[in-house]
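Please see the structure below; I have some questions.
Chain naming follows the written order as A, B, C, D and E, and within any one chain the residues start at number 1.
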Amino acid sequence: MRQIRATPLGWVIWAVVVFFFVNLAGVVLSVLVSSFGTKWFDTWFPSGFTTQWYGDAWREFTLFHVIVVTLLVSALVVVLSVLVGAPAAYVLARKNFPGKRLVYLTFLLPILMPPITYGIPLATVLYKFGFAGHLSGVVLANLVPSVPFVILTMTPFIEQVDPRIEDAARMLGAGTRAVFLKILAPLLVPGLLASAILVLVRTVGMFELTFLTAGPDSQTLVVALYYSMSAAGIRAQQSVDAMAVIYTGMMLVLLVVALRFVNPTQLVARVKEEPSE
Amino acid sequence: MSATWQHRLAERGVDRRLWLLLPATIFVLLLFVYPFLYGLSLSFQPTDGGGVLANYSKFFSDAYQRDTIATTLKIALPAALLNVLAAVPIAFRLRGRFRGKRLLTTILVVPITLGTVLTAQGLLNYLGPTGWLNRLLLSLHIVDDPIRLTNNYWGVFFSLVITGFPFAFLLVLSYLSGIDPTLERAAATLGASRAQRFRRITLPLLAPGLATTFLLTFVLAFSVFPSAVLVGNPAGSTRVISLAAYQAAYEQYDYSYASAIAMVMGAVELVVVAIVLVWRSRLYTGSTGGKG
Amino acid sequence: PNKPATESSGDVPDKPAKAVTLNILDVAGNLQLTQGMIDDFVKQHSDVISKVTYSKGPAPELAGKIKAQQNANRVDIDLVLTGTDGLAAGREQGLWTDLLTKYSDRLPGMKDYLPPAQKMQELGGKEGVTVTYYPSGPLLEYMPSKVPTPPKTADDLLAYAKANKGKVMYARPANSGPGRTFLMGLPYILGDKDPKDPVNGWDKTWAYLKELNQYVDFYPSGTADTMKSLANGSANIIASTTGWDINPRVLGTVPKEAAITPIQGFHWVTDAHYAVVPKGVSTDKQAAILQLLQFMLTPEQQAKAYDKGYFYPGPAIKGVELAQAPQESKDAITEFGRPEYDKLIADNPTEVPLDAKALVAAFDKWDREVGGSKVKSQ
Amino acid sequence: MSGFDQLRLDGVTRRFGAADALVGLDLTIERGEFIALLGPSGCGKSTALNCLAGLLPLTAGAIWQDDQRIDTLPPEKRGFGMVFQNYALFPHLTVRDNIAFGLRMRHLPKDDVRRRTTEAIEMVQLIEHASKLPGQLSGGQQQRVAIARATVLEPTLVLMDEPLSNLDAKLRLEMRTEIRRLHQSLGLTTVYVTHDQEEALSMADRLVVMRQGKVQQIGTPEEVHTKPSTWHVADFMGYRNLLPLKASQMNGDQVTVDLGGTAIRGSAQGAVAPGDDVIAAVRPEDVKLSDQGVKGLVEVVEYQGRERAVEVVLDGGGQDDPVRLHVRTEQRVEAGEQVALTVTPGRLLVYPS
Amino acid sequence: MSGFDQLRLDGVTRRFGAADALVGLDLTIERGEFIALLGPSGCGKSTALNCLAGLLPLTAGAIWQDDQRIDTLPPEKRGFGMVFQNYALFPHLTVRDNIAFGLRMRHLPKDDVRRRTTEAIEMVQLIEHASKLPGQLSGGQQQRVAIARATVLEPTLVLMDEPLSNLDAKLRLEMRTEIRRLHQSLGLTTVYVTHDQEEALSMADRLVVMRQGKVQQIGTPEEVHTKPSTWHVADFMGYRNLLPLKASQMNGDQVTVDLGGTAIRGSAQGAVAPGDDVIAAVRPEDVKLSDQGVKGLVEVVEYQGRERAVEVVLDGGGQDDPVRLHVRTEQRVEAGEQVALTVTPGRLLVYPS
């Protein structure tokens, strides 16, 4: 096991990191404290504590249902976008073919273009085919930016894998599917995990497309959160804080679960890792 | 198809494996390209009449609107750069094995879960004039008046760093994991110091990944919207272009104009992206020895 | 998953052939006032409406959503509860069903509107049915401990702002009810040429706002932020309305001691919530909605609109007393309400807000010339 | 895919950009043959193997398996096995799983997989390393895993790219025998790339000698060893002494050349006429130290175990371009000694230059 | 870092988890020496080299450079050059830039860098490939780049891990000479890992023979070749015939053993007493086919160019455990022939078993 080596530059970097996190902790705690506070005026801490805001939010938005929907939507989006995106990333990383630039551009655009440009016609299409207003519509709409996102993040990872490894698998009789499942997937675990987490974060946080395509049963947490934040009318500051904490809590659970399954720094080259000291 | 043809095509990269592109292509064509073209054509049909390009000339002839491009770039470029640049040394230090590594990585990635709203609320609470930070500074007599860190440029900037850094970090760390440490060791035996090894070996091999990371963080920062409103000064110094589009669409209900602004927004992004991609395409982008 | 769109253009029967389920979308926070009424109706008339699903969302994206559904011929939002902005946006896009031309006789409750509510109903046109109403503002809210002698006039306010830089605050009008009420109320207070024409008739207002702007640090993006600033002492005087005065104090986000003061010569710029039905909703459902709305416009139901002062007073029709309100409501308003409101409401004239076009023009002008000027001056 | 009778390469060509890595390779491989591709570094051996395996698309030419054209089939459909020059082990799989991979792809029963994998691991003597990852193995160990991984499948055609280059002499001998044994007992057909002539000579039924992407000679080991078709092949096959000389006399295919003032007989390989510039080729082991013959001065002596490699500068060569002869001998000689050399009769080959 | 006089490895030990890869290596390297580490695959050669280079931290022991302890110095501070077994070329740099890398790190003038790089590229015969990336090179070409990259720096100590294993015989010979030449003309000190005895014998001043992480013998090539200290070393050094026999008679260090009914003299290596079980070791080339001597039946004949490798089963050996002798001969024999064998006097070594 290696200790983090302490070069002067190292100290500076860690100092900056620590400073960043101390302040970040302040940011997060201030919301957390506020969400449990009764009244908090010009003082260090609220004058009392309560869980009332959580209860209110829970009832008002039937949050249990909303959270279930959110989890379902994000899980589906993550899985589908990886399934659709990773093979395309593979082709873009490995091959040169006529028209590659055009294809690449087409995959880039959905990330660049704000949903304002295509959200409403997209929702129309989805309503026309009976997807919107239902979970499937929300999932499909969210896939639009997610699939290109996976493609873009995965491409460099795939480039890093030595193609001869794949050749070897093919020579052993592995078809494309087997090459993907048995060779590439394990080697790309860090990449898959990174892009899955990022897609997850984006999906859970994607308000616009979700709102446009969601029906009453398929609202996700972010819609409730945006509503509580920006709907006309009066809402206690603390209840917005409580919603934000619920949102973050859910994401945190998802992230920790994801990190339990796979370690982001799990190196395939781990065996060649820097010698331990 | 004759075998000769097949060889010709295979040499140019056209072979069976191209089918893998199909699902994603169909998907994007069906669910994106059509709606997008619709939006594009909408931007050429101004609500108030005028020529095809009326929306665009309206945008560019109005300094109030046009300036949003510069405003946005002024926020997005530094934030994206900072995120990527800060992620590199930290990720670099987290390679290899040591105690507590997993915990440390998790902590570094955690801010990704915060979301814009919590970040915004937190920044307002914590950095606000009566927030903990100002309270501390005041009670330690470091400052006399509360410093303003929210509802201006800095608020938005911080929020972009908080949400963008873990994102960049996660990607950089993962890209870094694909580089064979033996290469660095080889460089060490050739007399390269730590800094030189980093600069000459790790960085070039990492660069394509960095380019991608920068692109993604830049795109996220460029379309910054909720935090520009919540912790920025949406009427003034943080009136970003997405806000202009939003106002056109949802305050003035001029979807055509909004589409045009969004198209301009996309085009500006595309310029930056294209520059980075051209740069990236000149880099070495192959096996980095780490995975095989 | 979606029900196919059934007949939506023919005559609306008195009663749906069989009990319908309704999807109600609230983009104005109106359900806080009216959900009790709706639930009661479903309980009592399950032969008309068997079930209601509620969803909530922010207003601006509403029009887009309905539009997408209508373009695809699959409307699955049956009733929208909205403020004036959502109503106008939808009307501009032709999203709403004209209910009142043919069926206003099915809504006898509409005859009992309070006079200002009646005026608001005129804004609602033939599509929107006013369900709740309040006189709104503009009012100034302040902490008596910090501001012993509150400004009485517009000039006082300016003087105070000048003397206490950054301590007077109102939110960006486009994002804030009190903010826009303040904006729309100023022409009356300052005696502008045409209070309904922000572009050509508001010379004094714009001059006033620009001057005030010099003493304002920034404009928060929501009323909540101004309330918070008032509560934690970083602002001393903020723009407010009746509802924004009472409800946050009930909720505890603003200290109970906060006080309000009217500005001399002000007119109430009123506000209301509407119920609208998107085009494409089946006639059966329209029938059910008409019955529901009529139910909601009865005094017993309207009394629920007192709520906790959120839309104080709230009821849109005449003769609804606080005494009829649920106990919770009564307690909250007894403790946090202000006796002076009755007199202020009675003594000051009421005005309808700007229509959508004028309002957008006012926002745009404010953004460019008041809020936006900050960019240059920094 | 069951076996085949014949595999025919027909003008197989592969270009990288403007450079030809492999030009018009014609070769017929009979079932059960053991063929070695031999040639200097960079001559296109690996390229040929990759084309055969289907890993590189051809620029031109065709590959026929009996009557079926297979050069358009993807590698996994050809059913060939391959040992890669850089091993290409799966870094995330243990030794055992690497070796079992192909069997698993064929969906064999679990027990079979285990049994055959274990046998293969034993064959390459890696039992105690079976659960290590490739990164934890030494170079030679990795190479053995690669061999086991390819042969455990008993494919109809096995392609091996310098499979023994990282092994020590003892193990190399053992593995050679093992590979030949596998080849015979399983009835495999093998194409084997090597840069080691001894390996090629001892293992292969036929050799293909290549140079700069082109085939130089195809023949049995004995043919290639004793009658290299060009001086390039001779050079590569260990005729370390390549002397630019002049042919003086011809007698049938016997040529006489003049070496350091002494006339020596050699056999002409190709069209040689008296007076021509020729290249005379002879192996170090066919030059003997003796009492008489060509005279020279020992310049370098290298110990090589039983024998010594000696470099002798012939007397009478030009000052700036001295003629050197490489000699192998068991005799003890020292640098600086004066010696005389004879060439074993019949072992000098004379090529047109 | 200027030169040093002595490099001392003092009980250098490296463990991977529970497994010892290298145990207590003691070795003193004098300035200017050429030392070869030799041993079977996986014996710890690369590990030793990596420890010396500073790429693997030691588990125990120390390394001294004259009076300075250097095992805690990072690799770049030691100033050693290294050729890696798997090349470790920088994939993003061209051949030229790979080779120039070390020179650039030393901030030499541009012209110097260019000149020396070009020289090095010429030395390894890669001029026409100078601007290719490593991924576009053949295996042997890559290896040559690795050699050039390490030697162009003319470091005080050069570590080479099987630098020639992927090269063909001809090139290998040339590179050998080139490396020796560099070693001598630049006054380098070289530690050279190889699995090829011939290479080790011909290049090194001293050999270190290892087995399972431990040093078996350190000595000059001649010592190791003619007097291997244990039968393991003998085995590895090409004594392919290792026969478990019984010692019958002793005379000084001359032992008589019984082989297929014939008494043969050998020299005892270590404590051997009459009646002991011993292992007799002899090289194939020291067993001769003759008219008399031990009788046997030719089982396998392998063509190896000029010579043949012959396997003879001795008469009178047990049915299930026949005694086999490996012989090298220039004579033509056929499998199935009956032959007689003699052992060159003094070439049979007898070890306690």
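Rule of thumb we're sticking to: a residue touches a chain if its C-beta (ideal position, glycine included) is under 8 Å from a C-beta of that chain, and two chains touch if they have at least 3 such contacts.
Every value quoted in this text rests on a predicted model; they were computed, and no experiment measured them.
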Under the touch criterion given at the top, what is the topological distance in steps from subunit C to subunit E? 2
Work out the mean Cα position per chain and let me know which chain is farthest from subunit E. C
Ranking A-C and B-C by C-beta pairs in contact puts on top A-C
Just the number, please: Cα centre separation of subunit B and subunit E in whole Å. 55
Express in whole angstrom the distance between the two chain centres, defined as the mean CA positions of subunit C and subunit D. 90
Rounded to a whole Å, what is the gap between the Cα centroids of subunit D and subunit E? 21
Here the gap between subunit A and subunit B, centre to centre from mean Cα coordinates and rounded to Å, is 14
Using the touch rule from the top of the page, what residues of subunit D touch 2 or more other chains? 74, 86, 88, 91, 136
So which bits of subunit C are touching at least two other chains? 61, 64, 175, 228, 232-233
Residues of subunit A that contact two or more other chains, please. 42, 119-121, 124-126, 162, 164-165, 187, 226, 229, 240, 268-269, 272, 276
Listed in rising order, subunit B residues that touch subunit A in their complex are 12-18, 20-21, 23-25, 27-36, 38-40, 43, 86, 89-90, 93-99, 101-102, 105-119, 121-123, 125-127, 130-133, 135, 162, 165, 167, 170-171, 173-175, 177-182, 194, 208-209, 212, 215-216, 219, 223, 242, 245-246, 249, 255, 258-259, 262-263, 265-266, 269-270, 273, 277, 285-292
Which of the residues in subunit B come into contact with subunit E in the complex? 180, 182-183, 185-194, 196-197, 200-201, 204-205, 283-284, 286-289
Which part of subunit A faces subunit B closely enough to touch in the complex? 1-4, 7, 9-10, 13-14, 16-17, 20-21, 23-24, 26-31, 34, 42, 44, 83-85, 87-88, 90-92, 94-98, 103-104, 106-114, 116-122, 124-126, 140-141, 143-144, 147-149, 151-153, 155-157, 159-165, 176, 187, 190-191, 193-194, 197-198, 201, 204-205, 222, 225-226, 229, 240-241, 243-245, 247-248, 251-252, 254-256, 259, 263-269, 272-274, 276
Within their complex, subunit C touches subunit B through residues 60-61, 63-64, 89, 92-93, 172, 174-175, 217-221, 225, 228-229, 232-234, 360, 363-364, 367-368, 370-375, 378
Once bound in the complex, which stretches of subunit A touch subunit C? 38-42, 61, 119-121, 123-128, 130-134, 136, 208, 211-217, 219, 223-224, 226-227, 229-238, 240
